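Down below is the structure, laid out as structure tokens.
Per-chain numbering from 1; labels A, B, C, D and E assigned in written order.
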Amino acid sequence: MTVADLPPRGDIGAPIQQQVNPSGTDVAGAYYIEYAYRDTHTPNMVAVVLADYRAFDTLGEVIVVFAGAIGCFFILRRRT
Amino acid sequence: MNTSNIPVLIPAVFMFAALLVPLVGLWKKSLSIYPALLGSLLAAWFSASGLMSTIEHGPISYHLSGWVPPLGIEYILDPLSAFICLVITSISTIVIFYSRSIVRFETPEKEMPFYALCMLFLMGLTGMVMTGDFFNLYVFLEISALAGYALIAIGDKRAPVAAFKYLTLGTAGAAFYLLGVSFIFISTGTLNMGDVASVIHLVDHTVPVMIGLSLIVLGTGLKMAMFPMHAWMPDAYTYASSAATALIAPIGTKVSAYVLLRIMFDVFEPSYSAGELPLAQIVGYLGAIGVIWGSILAICQKELKTMLAYSSVAQVGYIGIGIGLASPLGFIGAVLHILNHACMKACLFLISGSMRFRLGHSWIPKFENSLRITMPWTAVAFVVAAISMIGLPPTAGFFSKWYLALGSIEQGAWIFLIVLLVSSLLNAVYFFRIIEKMYIRPQSEEMIKAQDQDGTPVWGRKEAPWSMLAPVMLLATLLIVLGIFNVWIVTNFIEFMIPIGL
Amino acid sequence: MKSQTDSPIIEVAARGLAPVIQLIGIYVFFHGHYGPGGGFQGGVLLAAGVLLLRMAVGFENSQVQVPSRKTLILCSVGALIFAGTGLVALLMGGNFMDYAHLPVPGMEAADIRYYAILFIEIGVTMAVMTALISIYDDLLGT
Amino acid sequence: MLELLKGHYAYFFLMLLFVIGLYAMMMKKNLMKKIMGMSMVQSATIMVWIVAAFKHGGTVPILDRSIPVDNPDLYINPLPHTLMLTAIVVAVVTLGVSFALVISIYRNFKSLDEPTILKRMK
Amino acid sequence: MQWQIEFLLFVILIIAALVALGIRNLLAAVVTLTIFSFMAALIMIYMGALDVGFTEAVVGAGVVGIFNVVAIFKTSRKSCD
């Protein structure tokens, strides 16, 4: 029953859809929508967030893929 | 290099080392250890200088991609994270230095992926320690977990089964963590830890936040092998190869304990996670049960590595007790135990590796007093580490238990005190059993006969090569040094780490 | 799957279909700035093309496209392109991954970011494509 | 009650899926079935974030010249989408490693059935 | 908003999950899992997450399917439960 206390789906008043937090900092989502094109001249906001604002996450993602490849190599390949 | 770049440089050094190992290793296999060794030395240097600078000038906040924290990812170097990073990097340097011949012996032809996975594992751990962002923590958790699954899967014939168990439980833990983070994200609208800390008091009475925190604790507890969730650990540590175990066992679970400390006391206020929701108390009592349970099961084991794995369950329980006390003394005990236990476990697992390398087994009923003749220095190191595990005064292990005991007396938590005393006795039982076999039990007929046929003198003949002996002796010395200087460590480093409000 | 399939229809179909899939992959990769897509999806599609060939015409005959000895090296080179871009930004005085500090003369910061995103996506594509092929080769055990 | 159901039914379905996946991970005996349960757990977690990002009246987070960006209510939140892209990649790679482990287990024990494997481990 | 369609998608998603776990033939289970993945992608696209839905479709139908089939090919095809 915990999900019943979450904000309903699609609610514009939910905390993640605000522009400013109660503590005065910007909420990331609204900032990305507003400034993504101005900062990078790229229309696809998801690509901007992926490759610029949170680039280190994406680097981690690539490293995860690399770790998977190396891991399978380590587990299965019997001769090089 | 500017000190302000240190927070990102520690994981980045490991990352570049991991990416360089295949390039070097596919060209010439025997060279693949050098990028790994160089990388971990460099990272150790960075974390030492980071610790010094953060004690002098205060915490450093690093903005990745140059965006201000709630927008970009933030890395934080404060005394606690720098200290844990220093522990990780120095232990890993020692273990990688040790691993050179044993990797060639136990997993032949696979040096290149082994060292690449080591570097990825360490990158994940240091990233988890440094990060100030909930989702970035998840990514690094998965990097270290994936490397860990693969490292554990090679070794004994039964190792893949253990690794599969670890994989299912670890993935479930990561999914719990991600679900918990999603609840907190939906309730607060931000992922940055500092930002969450500043708005959490507005929403922390709502059910999703409570459930979210509980799910995070559950997921991290799975990774940390807290008592009811420890099922993956003994098998995994027993069947994996010695070098992999020596790398994963001392530091892998400790980082999850650090994450728990961070989230419960830094992001959420201690009065919330230890008062309003009794999560810290639950962690403490589960830790107490785990201490007793792990110690009792360790007594029943016949294989040295399994015994050490069960004793790891017990030692993680001590950290749980330190969290459960939710007081400055408990915090000091937990952090000091992270350091001490990393050194002790690394030392013991390295010794079991040396035994496998020279004797071909680490089966306790086959130990006898020829060990003290054939491997004298290793036996001495084992005694020092065992004394430290039991917790006798001159060694490091005593002092973390001492702080935990002081904390539980201060809180009036007598159950924890009793658990600490009883567990020391149980530790004594299972370690003295081995020491007795090592020093007193006479040689069996077959062994003497075999040596006679060999005809060569056996005195000190089978001691491990110096590249394996030196790390073991270094760790054993370190245990005594840490024990002597523990007050200096606590007053100069750990005092700065205690979170506000504890 | 190890040997060549008996049916020529499958082989012809796979040989005809694989370049189309890879073309779509390249389109998805370059169109990532303007629509759904980007490095990861493009890489997966490129890998899917190669995997289709590996399944249909056999392991030995599909070495021409991506030799399986080179996959791990290419994967780490792809990740190094990504990480190296960040490192260059660090050495030029910015923070790690701060593309505005990349040494490209005569461009404003937003445009540098635009091209830097494209550049790092090349690394992502390379790494993902070769890693997936490498995992497939290892699973098949040759 | 109906209002609650209409706003939250996605969450209820996803929790159900999460529990089904967990059940499969714990109770199924075949290793491949365990892996399937694992991927269901991950899918459920991913979709919780996606559902949370949704906005009534919002469009997809790709810049449309005719819709002004000054009002963030007109675009769906792009942050959870980005995060879940990473999570999907992680899920796929975990799946790959688990298949490698399964194949390795099958080489050693010639079975994928958990009780049989445990019996042969002795 | 036609929420009935989405409700139907969710119901199919759950049914596909249950069927995939129930079938004894692993190859059939993999096919059902692909349906599951496709439904998940449709739901994501319905929620406006084009990138995620696209990725899920590419990955779930393409790569994961291939890996599943290879794993079953290298091991056994029958499941006891």
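Just so it is clear, contacts are C-beta pairs under 8 Å (C-beta built on N, C-alpha and C of every residue); 3 or more make two chains touch, one makes a residue touch a chain.
Values in this document were obtained by computation on a predicted structure and should not be read as measured data.
Comparing chain pairs A-C and C-E by the number of C-beta pairs in contact, the larger count belongs to A-C. Summarising the inter-chain layout, the chain whose CA centre lies farthest from the centre of chain C is B.
Of all chains, the one whose Cα centroid sits at the greatest distance from that of chain E is B. If each chain is reduced to the centroid of its CA atoms, chain A and chain B end up 29 Å from each other. Averaged Cα coordinates give chain B a centre that lies 36 Å from the centre of chain C. Mean C-alpha position of chain A lies 16 Å from that of chain D. Centroid to centroid, with C-alpha atoms defining each point, chain A and chain E lie 23 Å apart.
Shown for chain D are the residues in touch with two or more other chains, namely 6, 10, 51-56, 61-62, 80-81, 83, 85-86, 89-90, 93-94, 96-97, 99-104. Residues of chain B found to touch two or more other chains are 15, 19, 22, 26, 64-65, 135, 139, 142, 146, 149-150, 153, 160, 185-186. Residue numbers of chain A whose C-beta contacts span two or more other chains: 3, 6, 14, 16-17, 28-29, 32, 43-44, 46-47, 50, 52, 54-61, 63-68, 70-73, 75-76. Chain A meets chain C in the complex at residues 38-44, 46-48, 50-52, 55-56, 58-59, 61-63, 65-66, 68-70, 72-73, 75-78. Against chain D, in their complex, chain A makes its touches with residues 3-4, 6, 8-12, 14, 16-17, 19, 28-30, 32-34, 36-37, 43-46, 49-50, 54, 57-58, 60-61, 64-65, 67-68, 71-72, 75-76.
By the touch criterion given at the top, residues 15, 18-19, 22, 26, 29, 64-65, 67, 69-73, 109-110, 113-114, 116-117, 120, 123, 127, 135-136, 139-140, 142-143, 146-147, 149-151, 153-154, 160, 183, 185-191, 195, 198-199, 202-203, 206-208, 211 of chain B touch chain A in their complex.
Interface residues of chain C facing chain D in the complex, by the touch rule stated above, are 34-36, 40, 128, 131-132, 135, 138-139, 141.
Taken together, the chain B residues at the contact with chain C in this complex read 5, 8, 12, 15-16, 19-20, 22-23, 26, 62-66.
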